[in-house]
Amino acid sequence: MTTVFGVPLPAILGQLMLGLVNGSFYALLSLGLAVIFGLLGIVNFAHGAFYMLGAFAAYIGLQTFGVNYWFALLLAPLLVALLGVVIERLFLRHLYRLDPLYGLLLTFGIALIAEGIMRDQFGASGKSYPVPELLRGVFNLGFMVLPIYRAWVVVASVTVCGVTWFLIERTRLGATLRAATENAQLVQAFGINVPLIVMGTYGAGVALAALAGVLAAPVVQVSPSMGTSLVIVVFAVVVIGGMGSIIGAIVSGLTLGVIEGFTKVIYPEASNIVVFVIMAVVLIWRPAGLFGRE
Amino acid sequence: MRVRVVVYGLLGIAALAAPILVYPVFMAQLLCFAMFACAFNLLLGYTKMLSFGHAAYFGSSAYITGWLVSVHGWGTLAGILAGVAAAMLLGIVIGAIAVRRQGIYFAMITLALAQLVFFICLQADFTGGENGLQGIPRGSIAGIIPLDRDATMYYFVLAIFVAIYLLVRRIVRSPFGHVLEAIRENEPRAISLGYKVDRYKLVAFVLSASIAGLAGSLKALTLSFATLSDVSQGTSGEVILMTLLGGSGTFPGPVVGAGIVLTLQQYLSERVGAWVSVIIGAIFVVCVMVFRRGIVGEIQRRFAGRPPG
Amino acid sequence: MKIQRFAFLPCVLWGFIAGPAAFAAGDQVVLGDIDDLSGVYADVQGQGGIEAINMAIADFGGTVLGKKIVLLTVDHQNKPDIGASKFREWADQNGLNMLIGGSNTGVSIAMSKVAVAKKVVFFAIGAGGASLTGADCTAYTVHYAYDTTALANGTASVIVKNGGKSWFFLTADYAFGTQLQDSATKVVLANGGKVLGAVRVPLGTTDFSSFLLQAQSSGAQVLGLANAGTDFSNSLKGAAEFGLTKTMTPAALLAFLTDINSLTLQTAQGLYLTTGWYWDLNEETRAFGKRFFAKIKREPTMTQAAYYSATMQYLKAVKTAGTTDADKVMPELKKAKINDMFAKNGYIRADGLMVHTMYVMQVKKPAESKYPWDYYQVIKVMSGEEAFGSQPDPTCPLIK
């Protein structure tokens, strides 16, 4: 049996496969963050909370209203995006003219409130969310057994990332968005409702986070703290990719997921910190991130 | 002038008499966090750098001091100094990486690197991982005055606190402090005037980290333990809250903020934990939206019209 | 400028308000419960645990030695610092006489150190670490319901004897997990098995897939889950998802009734686990369960029943000793024979461990469960000595 670093090849391939799955979550989440930051300049610390709320929306939808997974994929992001839009309107809007640090602190506070309320209502231990019927079962890949659901996660995330990237970088709408962030007044002068666009963009970013939450629900238990530990890793990913860069977020997310998977086999104790170490290294060598433009 | 003396006098008496009426361990703990918040304020209030992972210095110093004192039998003062040195070193390393960037990026970097420190503390053997270091002995000052009595420990911490408070004031009002102010007000201009801005920022960062470390060491000795909480994101968030709530950019602000947050936690600790998060989050939101100057800041603004002295 | 000085006053005043010294009321017996009330273990004891203690106080009559019995409670949020600080504060300020608690080994070890410093009787019930009566033992600690040694002697030995010879451990990377892995390893080796490998998993991991993959590629017959709470349920879910449960036998080294309830029988069926108590064992336990259910709407877990029992035993010991002085009460506790709803043939050993009958259970299939909470089937009954060992722990400094 061929071995790499003393670990058998099938095990490595298996871990890389799983790393890809994790990476797609990272990519989807960093995409949302990058959209919000790149286009609005807001550091959305509440991103992890929206991810968590998306998962809970799916859970509550199923438990209380019998809404199945497929509907949840559409409804949860919409509902959570609505909440995001309300927050943008009521709070964030007033902070744009101030130091961006205030936006960071506000969203930090909102994340705490969201987690606290959910923890009070649902307790801290995770709730089970079943894998949808259609996606149960496994693919036997030879070197490992891959649950069909996980393959679905990769496909769904990559697709959504691709579509989002296309929308922002290659369509008129995207161009308008990008123009509005560069020079809001000028774009406003063209008759385009910039505040509406800003609101919509924030909502879209939040929706991406909530979508990631629904996708994650069957994989990890739905719990109020599921977003908090994840959000810091995602921030590191976004910093590595370059904070304004959409493509940077996607590529870094996927790559880092794979690297993390690799680390779990070779040196598991470091799997938690490998992303941060890489971030430190990237920052020393390329302060703007890999794809950053500054 | 006379009013100043009276006020100082009252405060002094209150501080000295505290152990009679109030649980001294709580007061000492409050002072440690007040020191931590003052250190943090040096960065946020006076240099406008938001360090989102300041617990790294607080906690690592707590661990180092705790470990040296309990496992290796070091003397109390030596242990404290070693802890501060460790915090300083960490501050230099992290500061060097972080200071290159400003604003949000700086905050993100400090956050991520602090998380790195957290995980290292989790894995390292000497920290005791999830259990932390327990039963840290207080020892004595220079082998002469034993610190076992809670009241004695409190006075020891009080003395150091007062010294640090005056030190921070001194730093801010010194020429060094004025350069920091210039950088805060208009960084490009400061650069164009020839100041090596990054170096000044790094020095401020390291100073802040070192004082935070001192606070951590003292906390480890006061409460007799050092745990992962001390390096956690929660503690980093708390110190931001204390400074914001009390008033960043003022001297008493962080102290007031620390007092309020710790007291809140004390009251709320006997109720269910989840609501503490909600309340702290709500305070953050309120402070950011309508209360940016913090308590002391608002008080100062109200009385700004009155002539000094 | 001078106004800034005034600003200090609110701070100082707060301090005075916050820390009033409630001087020890000599006319009360003060009990404390420091537990996880909102976190990962909130269901295992939590509010139910508090209720169990209150039931015991009421059943005892509400007073002992002519003094009213009072209960203080606080949420330690799984943080050793909160647990230790509160314990110390209650001892200094509120005249605490006895503390129950700590569904977390780390928190309990921290609290045991305070117990010695303040001379307060400490019942460690929720936590499992055997070191509480080993290297971390104290003259005031009683480790009541179960420990990692018993868990290993129960579950691990049954599985090895049933043919599960080769093991791979998934271990929560903290004191409890490693102690559990060590205890289980000893049992596996002693019964002719072998350990093919182990992996340390960071606490709070939600996605175990990569670790499970390693377990699978090791080719071991048994997946030893040296973890608890959500770690346990997540790892089991993951094992089911990756089809591991078809090729490997999962060994639930620590699982509570509430874990099985949240996993559902569908996922948990067939699991072996060791427990000190189960609500459906006999008439006495069922009666307690019924009373408890009326208030809490769930059947009690082993530790909740233990809270009741420990409180009763303490109050009895205080009555017999005629004082709440810990130095007089501890010897009474160590002399007592414990035969109540919770334990049969129980006694407290020199190192502080409460030795009593333990049970190895198997989780029923959904079809076998006839009524709500009918989850377990008794596979084996172990005597206290068989479960906990016949000698006190030699690593405990109290044992010379």
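Read from first to last, the chains carry the letters A, B and C; within each, the first residue is number 1.
What we mean here is this: a residue touches a chain if its C-beta (ideal position, glycine included) is under 8 Å from a C-beta of that chain, and two chains touch if they have at least 3 such contacts.
Everything quoted here is computed from the prediction, not taken from an experiment.
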Pair with more cross-chain C-beta pairs in contact, given A-C and A-B
A-B
At the largest C-alpha centroid distance from chain A we find chain C
In whole angstrom, how far does the Cα centroid of chain A sit from the Cα centroid of chain C?
37
When the centre of a chain is set as the mean of its C-alpha atoms, what distance in Å lies between chain A and chain B?
33
Mind pulling the chain B residues that touch 2 or more other chains?
122-123, 272-274
Junction residues of chain A - those touching two or more other chains:
119-120, 124, 269, 272
Indicate the residues of chain C shared as contacts by at least two other chains.
38-39, 173, 202
Per the touch rule, the chain B residues reaching chain A in their complex are 48, 50, 52, 97, 100-101, 103-105, 107-109, 111-113, 115-116, 119-120, 122-123, 233, 237, 240, 244, 272-285, 287-289, 292
Residues of chain C that touch chain A when the two form their complex:
38-40, 42-43, 173, 199-202, 204, 206-207, 209-211, 213-214, 216-217, 229-230, 233-234, 237, 241-243, 262-264
Residues of chain A touching chain B in the complex:
43, 91, 94-95, 99-102, 104-106, 108-117, 119-120, 124, 228, 232, 235-236, 239, 243, 269, 272-273, 276-277, 279-280, 283-284, 287
Residue numbers of chain C touching chain B in their complex, please.
1-12, 14-21, 37-39, 72-75, 77, 79-82, 84-86, 88-89, 92-93, 105-106, 109-110, 113, 173-175, 202-203
What residues of chain B sit close enough to touch chain C in their complex?
3-4, 7-8, 10-11, 14-15, 18, 21-23, 25-27, 30, 34, 122-123, 129-132, 134-135, 150, 223-225, 227, 229-230, 250-253, 255-256, 258-260, 262-263, 266-267, 269-274, 295-296, 299-300, 303, 306, 308-309
